[in-house]
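So that we are looking at the same thing, I have put the structure below in structure tokens.
Naming follows writing order (A, B, C and D), and every chain is counted from residue 1.
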Amino acid sequence: MTTYILTIQCPDAPGLVNRVTGALLEVGANITEAAQFTDPDTRIFAQRIVFDSPASLAEARAALDPVSEAVGGTFTLRPRDARRRVLIMASREEHCLLDLLFRHRNGELDIDIPLIISNHEERADLAHRYGIPFEHVPVTPETKTAAEKILLERVERLGIDFVVLARYMQILSSEVCHALEGRIINIHHSFLPGFKGARPYHQAHARGVKLIGATAHYVTTDLDEGPIIEQDVVRVDHADSVEDMVRLGRDVERLVLSRAVRYQAEDRVILLGSKTVVFS
Amino acid sequence: MTTYILTIQCPDAPGLVNRVTGALLEVGANITEAAQFTDPDTRIFAQRIVFDSPASLAEARAALDPVSEAVGGTFTLRPRDARRRVLIMASREEHCLLDLLFRHRNGELDIDIPLIISNHEERADLAHRYGIPFEHVPVTPETKTAAEKILLERVERLGIDFVVLARYMQILSSEVCHALEGRIINIHHSFLPGFKGARPYHQAHARGVKLIGATAHYVTTDLDEGPIIEQDVVRVDHADSVEDMVRLGRDVERLVLSRAVRYQAEDRVILLGSKTVVFS
Amino acid sequence: MTTYILTIQCPDAPGLVNRVTGALLEVGANITEAAQFTDPDTRIFAQRIVFDSPASLAEARAALDPVSEAVGGTFTLRPRDARRRVLIMASREEHCLLDLLFRHRNGELDIDIPLIISNHEERADLAHRYGIPFEHVPVTPETKTAAEKILLERVERLGIDFVVLARYMQILSSEVCHALEGRIINIHHSFLPGFKGARPYHQAHARGVKLIGATAHYVTTDLDEGPIIEQDVVRVDHADSVEDMVRLGRDVERLVLSRAVRYQAEDRVILLGSKTVVFS
Amino acid sequence: MTTYILTIQCPDAPGLVNRVTGALLEVGANITEAAQFTDPDTRIFAQRIVFDSPASLAEARAALDPVSEAVGGTFTLRPRDARRRVLIMASREEHCLLDLLFRHRNGELDIDIPLIISNHEERADLAHRYGIPFEHVPVTPETKTAAEKILLERVERLGIDFVVLARYMQILSSEVCHALEGRIINIHHSFLPGFKGARPYHQAHARGVKLIGATAHYVTTDLDEGPIIEQDVVRVDHADSVEDMVRLGRDVERLVLSRAVRYQAEDRVILLGSKTVVFS
């Protein structure tokens, strides 16, 4: 028996679930998890199904392909064991990177991490401790284009499913944003849409907000405007300095990013235009 | 077109969802919401489906009954417009009662409230303001049995679907608990299983906890041990007196109870043994 | 014995607390609560002290005045029993108004409410239920100036300490904002600085945020930019419609506003430039 | 200039703060933080003051000692730079240990860690990565007494201020509990007083609670009954298995423990009988 994860995205139509479950029945599937949502504005149907089946991947696909074609949808299907391959990028701050590596070793994050790239050589140490290949790719105005080329080449060569910017503080070119659309996740250290751009904790401190937050979102060419995957906040007060906010914010950042990575790794996120459906 | 709410509870079996959706297809149903869960311990399958259909209730039932029989399950089906009929019981504290009445008038709680019963005559005023029939049923050791008889008679005569104890501070006999099993919800002013029984805020203050909470649960003969529907908490500190906790707790109590009532009113709660599945 | 609330705001200086407590000692004061904060940027010292004393208000003032003059500060002193007088303004949505009135009757809000003003005549009903004088002041482009004149006249005549906009959906002129600076609190139904202006829940829904919030702030001429007193949030997901957000948001709005009103009523808020110190 | 942290615990009396601030004035102190609380039940006064002064520790003590004696109180005074010395004990689970070590290196925890003791040799690796001395002290029924003797000897010899049980899953003897009273902090993986003892997540799963939590508390001879320092919770639902709860709980455990350690390290916790005052 193999456990499969199936995601579906298509225009809503009567009988959709019946057709899908009919196809699954053909391959002797036992559904263990299922969640669905129909967007009332666009009438797009989104579904995530986890099922056990004695069928091979090819057999399962053969059963589902006719449904997919008939409904004009985007189906993804994979054995749960075929783990998502994730490339992590990090800069100076290491808390998000450490958190992901710890959860990975711990079994919380069901992913493979073929590579960590950082513009800071010191991050090599952490990568090595956790046994993950590391590449130092410095970024200067002159080398930026070359650095991005390296990134895209690694994504291609290593069969990367998605990229995680674990407090990677470089703005990516629109070429990279487009090439990795829906496959690159950033953590921004504010509760978006508040405090976009640089130094959000300084902005938050200046504005005197009573909660600070973090936002995990897909990267798009519009800075800090990509579809939001997850957010959370923590309470602060007048006595908290910018440094206190940085400290408190770190905990929110790593929690929010690790949830987003887990959702993405388990095919729980479906991108609908500028918003996400998250079957958490 | 009628909007229906269907709930299903049965032993898990392959093809279950396909059979159900097949039956729905027969009556031209368009599924707008669906959530399901299979309990790994008991292998019980629970599902909640909202669908639109041109079929009458009788026609929809006729399509679903064979499935229900075949799988040996408990199915409930009703038009969403056939709102749940709720009897509310209240005592001295009125915040939970007021909250439910306000949400009801507001359109947040899709229920009918044919009657409010209280052992405190002063609650009549609030009931009248919101145009709800009110009955004063005093409870003393001598009249307790008679009072419970009145409750059960009203439930029967008014076709009550479920009873809400909105801070009704009387312990019900095991007869009433059994008669209304799975149909009577209480709000307890602690984060159960901590601080069962009387004066939970005093207990919490004495213990020095840093959060206090409230729990909405089904009433069973085991005091404060019934299946939990919803819980929440709020932060307190050393400077909070018992009175502060009572004040802070009120907000949690009314939030938690109103959520539980909404879940129950929308058929979102499925009772599995001593636990609940809540399709929130 | 009288219980007094003292607040202090002045440039920080060595010996400040010693001088203040020395003056209090002169009037036989027993301090029951004290909180203080020195803003590291401006070196402004802020303090709130609650004390019991056999002295009269005049005697207590006589003891404190020399300190106040010496340090060049702003001191406020009042017996706790001299409750703050609050004018509430409301529009169509009544949840915040109801919440304040319920808490007031309940003893949670230690204030007097000499008047409720609304541009909606239907709010009279709620005011009368809670025994509060009500005035219907319609607002149209033509009557707006006259309406504001009425407001300021009432504030003056009734000795109002501060005004609460309990979802009063009218933008006030800069004259009113200036006249009531630091004495007028608004609840905005978003987590500011996100989603300023009109229809914040529609904005939140369009952006696909995963938490929505509410913000209580002082009103200034800069719309939704005034100093923040309190904020809170609640989780939403892709399945929540604008209407769901409105429903969930109501609970946050009333919690946040009632906390802000309580802080203000108990002299817990000290305005430092564009930010607040809240001794919660 | 030296920054000092002063804590005071004594019977409440008029003029107390004036006397303390008078003594501080003598040594040219500038108070930068101050928080106080009088327990209404016991009339015990607790205060924490941070001040800058050109005086030496001996001079500052000389100024404060007469006050301390006069009021019959317990005063602690130390330069903030004289960091608390903390011994950490860990077992199989490493998330709490890693979290403390990361925060320590990060500058979030202003402590020295002269030693980590574990009954699991594998923990040596983590200790070494962070450059902390490690000692493997196996615990079996036969060696338990000897192991505890080692602990107490190390506490003595290394001048340990307090001990942290970072998911150290051994029950300590009453001798150790008494010897380290008020100086040994445990993290229990439930929201106490719910689910004391073994396997709290299993208990929580069986009871069907909707939130799980963690509690940091002082260790006493009464298992899981010691004074609570900090607690927090996270939402779970019917679909969360025991394993999911363990995963979600880890985040709460490490947050709660790290906050408690920071409070203790910064002299923010004052033990009043079976409860704590936490000047957070």
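Operating definition for what follows: a contact is a pair of C-beta atoms (placed from the backbone, for glycine too) under 8 Å apart; a residue touches a chain by one contact, two chains touch by 3 or more.
Because the structure is predicted, anything quoted here is derived from the model rather than measured.
Interface chain A/chain D: over half of the residue numbers present appear on both copies, so the contact uses mostly the same residues. Between the chain pairs C-D and B-D, more C-beta pairs are in contact across B-D.
Inter-chain centre distance (chain C to chain D, centres taken as mean C-alpha positions): 37 Å. For the pair chain B and chain D, the distance between mean C-alpha positions equals 41 Å. Shared interface positions of chain A, defined as residues touching 2 or more other chains, are 239. Put simply, chain A touches chain C in their complex at residues 37, 39-40, 191-195, 207-211, 213, 227-233, 237-239, 241, 272, 274-278, 280. Per the touch definition, chain A reaches chain B in the complex via residues 12, 14-18, 21-22, 24-25, 28-32, 34-36, 38.
The part of chain B that touches chain C in the complex is made up of residues 33, 95, 98, 102, 106, 108, 129, 239, 247, 251, 255.
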